[in-house]
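Got some structures for you, see below.
In what comes next, chain A is part of two complexes: it sits with chain B in the first one and with chain C in the second one.
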Partner chain A sequence: MFDFCTDPDTLSDLAWMACYLTTGKHMAIYWSVLTVLLLLAITAPAALAFGFAGASAARSSFLPLQLLGRGYVAVVRGVPDIAFFLFFVIALDQFFEWIRHEVKCPDWDQPIRQGNDFVVCEAAKLPLGNSAQWVHETYGFFLAVLTFAIVFGAFAANVLYGAMRAVPRAQMETAEAYGMSQRQCFWRILVPQMWVFALPGLSNLWMVLIKATPLLFLLGVEDIVYWARELGGAKTARFTDYPHGDWRMWYFLALLVFYLAFTRVSELVLDRIMTRLTKGQATTAGEAQRKAA
Partner chain B sequence: MMTGAALAGSHSVVRMGTEGAYPPFNYIDDSGEVAGFERELGDELCVRAELTCEWVTNEWDSIIPNLVSGNYDTIIAGMSITEERDEVIDFTQNYTQPDPSAFLAMEGMTLDMEGGVFAAQANTIQASYIAEMGATLVEFASPDETIAAVRNGEADAVLADKAYLMPIAEESMDLALTGDDILIGGGVGMGLRESDGELREKFDAAIQSMKDDGSLNALIEKWEIGETF
Partner chain C sequence: MSCWETLLDYGLRSIGIGERLLPREDFTICQQVVLIGSGMIWNVYFGLVAMLSGFFLATAVALGKTARNPLARKSSEWFIFIFRGSPLFIQFFFAYFAFLSLKSVSPVFDPFTSAWLGAAIVLFLNTAAYSGEIFYGALQSIPKGDMEAADAYGFSGWTRFRKITWPTMLRLAWPAYTNESIFLFHATTLVYFSGFPAWQQRGDALYYASYFADKTFNPFVPYPILAGYFILVTLILISVFGLINRHLNRHLPQNTRSRLKMRMPLIR
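Moving on, here comes the complex of A and B:
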């Protein structure tokens, strides 16, 4: 990175540190911070969408849809995250490849499962075997987003389902009395009012999601915790220009600060959203807000 | 469009899966690239087998599932050839001798083989060895953590490949190799899918040619992996 980094042994402590913290390997941990933030930015709305769909399905009057919604919530909430991330993602990846295989290679005569192996034709591989490493990484990243969205979507669905039921029944009855259709009642009365009941549960989920990113490494996406462990581990002079002892404590301390700061910012933002959502609502907080105004 | 059958078994790019946390076999160097004995070996094998190769890192615990589901094409990660693994995947011939494993403990420690507590990386031959020995086994996901466990007293000693422990013992005043070396496993080989026979033969032939002209021995000596062929 810097010109003076050519011979680390001769450097003063400060310069050594500057060089050490800017090695190519350290660049990877800085990138992984961005990866994690990007993952959260995409996953949160995606999970909310899954949750909303799940909750709407679970309270549908159409039985198959209702069962689908309830089944999704029950199954995903019941399976341990780590099992889900180890097996589901591989299964999902294989499912995509199998579909592409059926479409692209109709005259393939060998079985797809050969013993332990999963074999599809080269053209059906996702991403293609010859694509660049970044394509593989991006694919892995979106597979991770999808998995996170499905897992956290199930929890969000449960929260939203509860929130929908918490909207006072009188509100819905009034809407019906005005002659609104089912659909209108749902979108105009229920949905705008449910968020205030959903937010405490959703904010919990958000906090858990922030800290669930180490699961990413099971999917081959290298997150900040992986790099903190890898960079912090003791290094011998044979394999690096910057040998050091076991520095994991310092790296994890940095992670702690990062996560605490992130949590604090999230809390501030969520508080503002809560104040905004409470406005004009028939809840105790809404009433207090009205009186104070 | 070409038919699927014509493309079967041909690899335009061979993806080499490794762990990147087990020097001198494989590790991530200062610039963030995979390096080590297996990096040099793998690159040379790919040149000899006329393949285009790309390096991928994957966590040790899920390294076999990701191979069989096709996320990469080979495992070249200091993986010893054992019967259990051979049931799930295929191996090339070994490119290191059955590697002596050694115990690393705090300086001056005497080991209690029956009642002691030993650290090892999970899913390794060393972990199964300790389990069979009857001593208490504590497993860790990465090699780094096994060393840290000895330092902080969680385990009396760590059992791992001697090639991995040697440089650590030499540089740390407080740690030393203790007890006799033990030979376990059938040497380190490359792991491939069982359905990928053609690729396995290519790598097998390349390893054989490196054994024949002595270049493999040169690499083993350079990286201090252990006995030569």
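Moving on, here comes the complex of A and C:
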């Protein structure tokens, strides 16, 4: 990175550290921080969409749809989430491959499950055996995002379902009295009003989502936990220009500080949004704001 | 091999009693149920140890946060912030590697690098921070009248805490504390995925479930079994905590009692 990094053995401590922290491999850990942020940026709206669909289904008047929505919300209850993460990644992968298998190889006569193996035809493999490395990585990341969205979608569905029920009943009755259809009531009255009630739950969920990102490591994505373990391990002079002992403890300390800072900043921002949203609302907090002003 | 033999061989496998080799092929449902159930021993161990010890530290932290002494208050606030603001997963990793480096300083730290002690300590501190915040919230919402009445009756110091403040705090915090304990039991599944090695393949329920999922490429059997076990544990926890809740609220009229409300289990 820097010009003076040509011969690390001769450097002073500070310069050595500067060179060490900018090696190619360390660039990878900085990129993986961006991976985490990207995951959050994609998952948060996706989970919100899943949650909205789940909550709408749960209050539908069509019974099968209602059962589906309620089941989706209820199934996450009582089971550790990490089990879902491990389960969904394999299950989704096999599900996609099975669908492609059914479409692309209709004349395949062997069973898909042969003893302990899951076998689909060559053309149905995901990603294809001959595709580039980045396709494999992107596919893994995509599966991780989908898993996060499904699991956190269930949490969001629970929050949004509660928020929909918190909207005063009189509002909906008034809308019906004005002759609005079911659909109009839902989109014009219920949805715009529910966000204030949903925000505390959703911001809590956001904090939990931040704290769940290290689980990417379990899903086989090369994230910050992976790189902290890789880079922190003891290195001898034979394999690297920057030999050092076992520094994994310090790497994980850095991660700990990163997450603390991240949650703290989110907390401050969410507090601000909440203050902004409660302005003029007919709630206790809104009333307190009015009196203070 | 009958299911009874499997139970004898693998029932206590997770604590090192019975057959040494894990099943390698021809996995039966019975093997999966028995081995995953045997792993539950560790989950229950971690959960109980952390919950019972964490309860006392949590009370201390909550009292520290309300204290007038700035040293006690600031240290409690930082303790809660650090353990609630960072992922438990990273805490496990950090603690494991910290204990690993301490090991070279003194052999006293040898047991800390194994899960039964090291991970239990992390879980203990973590649950103490989460429940400490819950207890702090409850302390804040003790009705003013209760404390005034205690003063009027001449209670003070330790007696007032023991007879009035503490029971009221517990009563108010109990529903939230029930949820916290459920999350704690769910969090115990992270232990063997975060650095702490499963010595001689003695792992927890999720360790064995993922072992079977890896070997059979079929997640549809082991994970639902695991889910079943955890639902069972959750139900037992809820009923035990419900009994305690009834005891704490026994002096109140029937209709004003706080009911246990279930919240979603969330990761931390």
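Rule of thumb we're sticking to: the second predicted complex is superposed on the first by the 271 of 293 C-alpha atoms of A that agree within 3 Å, B and C clash if a C-alpha of one lies under 4 Å from a C-alpha of the other, contacts with A are read in each partner's own complex, and residues count from 1 in each chain.
Heads up, the rule we're going with is that contacts are C-beta pairs under 8 Å (C-beta built on N, C-alpha and C of every residue); 3 or more make two chains touch, one makes a residue touch a chain.
Worth saying up front: this structure is predicted, and the values here are computed from it rather than measured.
Look at chain A after the overlay: chain B and chain C clash there. Of the two partner chains placed around the shared chain by superposition, chain C is the only one that A:Ala212 touches, whereas chain B remains out of contact. Within the superposed three-chain model, A:Pro243 lies in touch with chain B and out of touch with chain C [touch as defined at top]. Using the contact criterion defined above for the overlaid structures, shared-chain residue A:Ser60 touches neither chain B nor chain C, since it reaches no partner.
Contacts of A:Ala83 after superposition on the shared chain: chain C is touched, whereas chain B is not.
Shared-chain residue A:Met27: touches chain B; no touch with chain C.
Shared-chain residue A:Asn158: touches chain C; no touch with chain B. In the superposition on chain A, contact of A:Cys105 is made with chain B only, not with chain C.
In the overlay built on the shared chain, the residue A:Leu253 is in contact with chain C alone; chain B does not reach it.
Within the superposed three-chain model, A:Glu97 lies in touch with chain B and out of touch with chain C [touch as defined at top]. Shared contact residues of chain A, touching chain B in one structure and chain C in the other: 86, 90, 94, 116-118, 217-218, 229, 246, 248.
Of all residues in chain C, those touching chain A in their complex are 25, 27, 81-82, 85-91, 93-94, 97-98, 100-101, 182, 186-187, 189-190, 193, 206, 209-210, 213, 215-220, 223, 226-227, 230-231, 234-235, 262, 264-268.
Against chain A, in their complex, chain B makes its touches with residues 1-5, 7-8, 10-13, 15, 20-21, 23-24, 27-33, 35-36, 52, 54, 56-59, 61-62, 65-66, 68-71, 73, 88-89, 142, 144-145, 147-148, 151, 167-168, 170-172, 193-196.
Considering their complex, residues 76-83, 86-87, 90-91, 94, 113, 116-118, 154-155, 158, 204-205, 208, 210-215, 217-218, 225, 228-229, 232, 246, 248-249, 252-253, 255-256, 259-260, 263-264 of chain A touch chain C. Those residues of chain A that touch chain B in the complex are listed here as 23-25, 27-28, 86, 90, 93-94, 97, 101, 104-110, 114-125, 129-130, 133, 136, 217-218, 220, 222, 229-230, 233-234, 236-243, 246, 248.
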